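Note that the chains are named A, B, C and D in the order they appear, and that numbering of residues resets to 1 at the start of each chain.
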Amino acid sequence: MPDKFHDECAVFGIYGHKEAANLTYLGLYALQHRGQESSGIVSTDGHNFNVEKGMGLVADIFTKKEIRRLKGTKAIGHNRYSTAGESNHRNIQPLTVNYAFGHLALAHNGNLTNASVLRSELEAYGSIFQSDSDSEVIVHLIAHSKGESFLNRLIEALSLVRGAYSLALLTEHEMVAARDPYGFRPLCLGRYKDAWIVASETCAFDLIGAEFVREVEPGEVIVVNDQGLTSHHPFIVPETPAKCVFEYVYFARPDSKIFGNYAVYPVRKALGRQLAKEAMVPADIVIPVPDSGVPAALGFSEGAGIPFEIGLTRNHYIGRTFIEPEQSIRHFGVKLKLNAVPDVLEGKRVVVVDDSIVRGTTSRKIVKMLRNAGAKEIHMRISSPPTIAPCFYGIDTPTQKELIGSSHNIEEIRKYITADSLAYLSLEGMLNAAPGRNDHYCHACFTDQYPIPFTKAEEIQLGLFDVNTSPR
Amino acid sequence: MPDKFHDECAVFGIYGHKEAANLTYLGLYALQHRGQESSGIVSTDGHNFNVEKGMGLVADIFTKKEIRRLKGTKAIGHNRYSTAGESNHRNIQPLTVNYAFGHLALAHNGNLTNASVLRSELEAYGSIFQSDSDSEVIVHLIAHSKGESFLNRLIEALSLVRGAYSLALLTEHEMVAARDPYGFRPLCLGRYKDAWIVASETCAFDLIGAEFVREVEPGEVIVVNDQGLTSHHPFIVPETPAKCVFEYVYFARPDSKIFGNYAVYPVRKALGRQLAKEAMVPADIVIPVPDSGVPAALGFSEGAGIPFEIGLTRNHYIGRTFIEPEQSIRHFGVKLKLNAVPDVLEGKRVVVVDDSIVRGTTSRKIVKMLRNAGAKEIHMRISSPPTIAPCFYGIDTPTQKELIGSSHNIEEIRKYITADSLAYLSLEGMLNAAPGRNDHYCHACFTDQYPIPFTKAEEIQLGLFDVNTSPR
Amino acid sequence: MPDKFHDECAVFGIYGHKEAANLTYLGLYALQHRGQESSGIVSTDGHNFNVEKGMGLVADIFTKKEIRRLKGTKAIGHNRYSTAGESNHRNIQPLTVNYAFGHLALAHNGNLTNASVLRSELEAYGSIFQSDSDSEVIVHLIAHSKGESFLNRLIEALSLVRGAYSLALLTEHEMVAARDPYGFRPLCLGRYKDAWIVASETCAFDLIGAEFVREVEPGEVIVVNDQGLTSHHPFIVPETPAKCVFEYVYFARPDSKIFGNYAVYPVRKALGRQLAKEAMVPADIVIPVPDSGVPAALGFSEGAGIPFEIGLTRNHYIGRTFIEPEQSIRHFGVKLKLNAVPDVLEGKRVVVVDDSIVRGTTSRKIVKMLRNAGAKEIHMRISSPPTIAPCFYGIDTPTQKELIGSSHNIEEIRKYITADSLAYLSLEGMLNAAPGRNDHYCHACFTDQYPIPFTKAEEIQLGLFDVNTSPR
Amino acid sequence: MPDKFHDECAVFGIYGHKEAANLTYLGLYALQHRGQESSGIVSTDGHNFNVEKGMGLVADIFTKKEIRRLKGTKAIGHNRYSTAGESNHRNIQPLTVNYAFGHLALAHNGNLTNASVLRSELEAYGSIFQSDSDSEVIVHLIAHSKGESFLNRLIEALSLVRGAYSLALLTEHEMVAARDPYGFRPLCLGRYKDAWIVASETCAFDLIGAEFVREVEPGEVIVVNDQGLTSHHPFIVPETPAKCVFEYVYFARPDSKIFGNYAVYPVRKALGRQLAKEAMVPADIVIPVPDSGVPAALGFSEGAGIPFEIGLTRNHYIGRTFIEPEQSIRHFGVKLKLNAVPDVLEGKRVVVVDDSIVRGTTSRKIVKMLRNAGAKEIHMRISSPPTIAPCFYGIDTPTQKELIGSSHNIEEIRKYITADSLAYLSLEGMLNAAPGRNDHYCHACFTDQYPIPFTKAEEIQLGLFDVNTSPR
């Protein structure tokens, strides 16, 4: 379902190709779904660093002029979702600094849970931060490290941070990729002719015709320089990783592979088939909420033996601004993005499949829209369990209060969205449909069970600890 | 299939609402698929005319500032497809002029076949044209008319033009809608509270919650002023109209009704079902070329009893510019818009359904993309007959030479696009699936049979007559 | 004195140089003082017309990209002063049209007094105007003419217009220059290598190193084509021309020659010397209102034997917008442009020389500023007679009501501006200081005696005839 | 003489007025001559810091929108000259940081000679710099200080830097002004109603109607907070200050007072009178190179008894870009800015007065321009001694090699610029004309005698020490 969760970012890096910046641009273009608010590319020829950044879509920010300026055979790039406007230009990644050891650029997907504590300590030592971003903490820790090589300094820095990170870093002579020991966010290693590439998802490799080699493992640090690629495992990794199951449910692109050699599309279909098994209902048609609900709806249709139809179409020309009329038009907001097709819906018992419900307001509008278009019965089916807790590892969820699943039971939600029936996929059903072992996934947003226990300081940073009252 | 044909335009008009400009903006937004290159809105309070125009998408051109400037309770708007850049700002519609009888604005969907002849005559009388647009001829004919009322002057002007027009016009005191006697392009009449509305398709009514009243009939002129609505039929209409069947095949939005009370989506499904009947092939899955091929593919899947799958996904973040890499990446252009999903395709016999083939280059890239993703057999099915002739009534088709269907037979096309089999829907099959009588449609692009015989002057204008050699 | 009068325009044309557009750009740059609100250049290679226009200063509108687009060896250009914003983009000159006889571009300096009448007549014939500009009348008259050659059509058109015009016109094969029979505004003919040039003032020739040949005579039409230059005198010229004396007093650049071989700077000094003769006063220093008052102040200093000083300096970094503080700061507006130099003024009897007084508000602020800076006595001296009537021949003066000289006698003005004494130059003194015969000048703004009697229709257009009351 | 030296900056600060940002804007506008490439304003309401910065002129960067965003009763601002483009946006001052002690903004006029050494040390401690600016060193030193109050931390920081600084700083609760112990650059204290103001020159006070109180003394630190103003003298000051004499010769605005209660204009006239005494020559007229040469030329005219004339006028409409014609036009560059007035010059023996000669190329063009306009003899007189050494205290001079005065004697320079005679003012003559004691001025650019001995590290930073060869 569009516009509820926003993944913070995508990262991309390439070492060893004369069109490094152009290929980074294409990679970011393929990864656009992971962040549409700003993008940046940093390249180097081994001496100077070239930087181009901007607000907006990749294909709007970069023109031939910018790409031409990004000289060099090594580059990293970043897409970002951000709530802020131009004034936050300084927060656009990759972060770039010029410090005692030369140039450094960093692109970060994920979220550090102890960034505030580390920042306070660094500032007490006299450090001055350029941005509000948690990612900058890593750069300052590197600058303070006494390690001999960049790799040593990076390892020292990363050993101090907690939380989720999939990183691409660039110095004059190395591209480095690193993934936190829990492996929250995906990170993939690829090969394009003689160049090494890293990217958040394999769809970036497909667009440029690169080969997918393997995922960067949880806790792994990969260094690429003129001598080739070396892999390092400097951190203690937990017994079980904590890969984000929501990447399969909603975030990743359906044609990508993530978390190893596992494609997203068949997982989504499997979620739908499982949902049909768990929450069958007699109906005339199954329709998806486009575009993200399509594979699960196909799976449901298959599993339930009910015909698949397109009962909602998506408007592809959204544009950047939208002016609402002064007087209220019914279900206006959702109508800008979705249109009901009355000839499909009229007089029908409809199963409508979506991937998740956040606040419930959009689902409510969709149900009313379908009802107005003539649907006789409306059965909402969700291909994941109720979302009850915020993500602190790199997904931009609303606060717990705003999550309808945290305060309402399923019958209450059904009433609110005015559906004739509502069912969610079970936790077990979801984890079974996801590839590999069930205990290898983070499902905190569905269970409130965060894989790493929070310190008190982290609870304060994350808004989980109310100083005035008793603990949460 | 995206990006081959471009309908020239959409028109919208409203009379009698205090948010006239805002509703026009919303109407144009809903009609964005009929023209994405430029848009304009003209409003009036009965005295002054306010004009806002720009290049780009509706939601990018108009901000609150522009809408606020567009004062008045009457407005018309226009979306346009144009091949040219900023320098053609003067061609953006609605055309507005200040002439002997006051202000006049005109929005035109369609194409006049005798515009060149009329322009030459008018220029010989001393008229000076502002634009290159055929539509401006109508304005000059109105300015030269000695008719007493605006209606009389308009009728006099329209009696001289030949070809296709669905028009919305605005003077200080009237909104006028007119449709050519053949009814090539759609035009719909709606009602929103006390206001009258005209729009190219009913999806514009749905977005703002207006009621669809009826289509504006071929040859009808509708005048709306403070005294209400009056209908006029001043022109001789032909025995059979010539409605564009391609609106059903590709152009109109699936959730719209056009040419009367006939929805587009079920027609497209019917085209697919008919195609399955005519051109069945044993296969494992049916996939659409998104987004336009989806309904026909669902119809084919239903008719053939072969499962429907999503084997190609569409990239929704295209942006405005795109920089190609210097070295060629395989099937690059099409990859920017479509992604194959290998897990769906691998080892499968695939029926891929599209609405039409223009040059063949995109189909060829799609077939190769599917093949690379692992498809074992690829059977291309097209839900219309081969396109063999250009449209002169408002669709931006390439010249006849560029249409692969005009010079190659089906087997040759199949070889070119490297499919294992290729089949088109028959003319009869298409016309049977379309609503109403078969002889009420223009199918010139499939048959080279134009509903109105061309004069020699028209043939020259349209590039059909080669002065140096024998007639075509 | 800055910012009171605004000359409407500058024109420039060149025929026969491969850098035609670039030289036009430089010519317009040199003529920037005659119009700072918008500029345009049109060039031709004999087939196509290339057009670049914009709001702002010449050096801000045109970049290398624009100049490169302006291909061809023939070009004309125009600077314009305009009160309106972007919405009047269509009024930016040169006007360009594509009419029955091909392409035509026109650049006009001056003002037609019977434009409204002619426009009404043309519109009654069915003509549609693109702009609000009086200049467009000429183009429509040309389009309506049945003359065989462009020259004939132009002569026919110009024989119908009344008022002031110095024109540069461009067709595919000719550059044409024309000046009205009274010669209100200047127009100069120059030569640069093999190319012929016309420009409003000779400073445009000096910048590019062109040679000044002679002025285009009142009533003369010059045609330049591949066969060379031909001169025509098709109109009856009046016994005495009516050259604008205010060009010498204020408008033209001091280093230009206009109205023949007469430089502006020495005329301005002569005006100052004559002023000293007529209106001597005992004082310690003579200071100019910069920059326009400098030559007259030097002349006064010389004539009076009183030392010249810089008591006011001009701020050269004005920029495009200026935000006033909410609370009023004393003499704020004038302080943004002028600064008093207390060390020059303290305790001194000061003669301050300016070229004219329009509304009196600026003079009043200047006097107060000088007084605040310590001046003991302030004697304002004006190097022209009181301005009492508006110009209808191309100078943008306020209405008669706003001219303080039209309603107040000199003593009243002195009181208003709070000077210790005030004197203007006499009409005779001014005309004697100007080159050539006294009766060869238009001095209507000083005398209310317009050289051409107005028809009733003209009086209505010019706001001189009040329909409700008795004649003016 | 235009475009040779560029003073790096202007600073402005205000504490205690509800229109603080607007008054800062006006102050920067008045100080525009000290830096035209970029500007910024930072304001605070005691909690948040608001920042607006941009490239270009003050009146182009700030609109009502920006000023409205700059809330609060305290603000500082900065104008800057910079050689770089947009990519150096991060160098635009005021610098702003958010560090351990809260918010801090800094505006700096001057140049630190030991910035490189300090930066290296700070980076070795792990500090990361945001910009290339020497000024940022001060901010990092403050961040590293353990001082208890902001004043203590600032004093500790400033005790470590060497060179020239006139500073305005802003924290949530204080505005602080500081001037280096040598007092190289000016800094003035003013009062506007209840608010305290600091500005580089008094012309900023005059525009807003503020009262000039006194100069900020060399080595003084002034703190303004809600308790009022306190003055501190924490540094050892040298026996004699080293005020920049070139501020009087060229930089400061003629209507300003600097270095105490001494106005600039009469000093410039005195330089001209002294020059007439030292380097008289029989001539017909004295002309200035506008605008900076005007007061000295008036002084020369007075001293020599030779009439003053305007023989060169300045073009005030320069604009931002300028396209040169491909073929060379004689003396093109200088013609864009200056125009000779032939009627003044023809047949005359001309003394042309300028304030300095840097590379000699402009003077050479001016002499040729005057010669072409008919001058019979051209005697160049310079109102300062030959410029032979670069400034390291805040003036952007070319390197020593590029200074024609460092490698050529006066006769050689005369030959190069093709003047009939050339004379400079003597060092003694200049210092006598400047107010107060001769030994209170820095005249290093004329004498190569820098007031503070350089360390070896400084010599390396300043490019004075060639590592490969023997010392300079």
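In this section, a contact is a pair of C-beta atoms (placed from the backbone, for glycine too) under 8 Å apart; a residue touches a chain by one contact, two chains touch by 3 or more.
Chain labels with UniProt names: A, B, C, D = Amidophosphoribosyltransferase.
Predicted, not measured: the structure shown is a model, and the values here were computed from it.
> Please find the path from chain B to chain D through touching chains that uses the fewest steps, and give that number.
Contact-graph shortest path, chain B to chain D, evaluates to 2.
> Among all chains, whose Cα centre is located farthest from the one for chain A?
The chain farthest from chain A, judged by C-alpha centres, is C.
> Any idea how many Å lie between the Cα centroids of chain A and chain C?
Chain centroid spacing, chain A to chain C, equals 63 Å.
> Give, as an integer number of Å, the spacing between the C-alpha centres of chain D and chain C.
37
> In whole angstrom, what separates the CA-based centres of chain B and chain C?
51
> Send over the residues of chain B in touch with two or more other chains.
none
> Note which residues of chain D are touching chain A in the complex, please.
Residues of chain D touching chain A: 51, 87, 97-100, 120, 123-130, 139-140, 143-145.
> What residues on chain B touch chain A, complex-wise?
These residues of chain B touch chain A: 19, 22-23, 25-26, 29-30, 32-33, 36, 56-60, 62-64, 67, 203, 206-209, 253-255, 263, 265-266, 291, 294-295, 298, 302, 307-310, 313-323, 325-327, 329-330, 335-336, 339-344.
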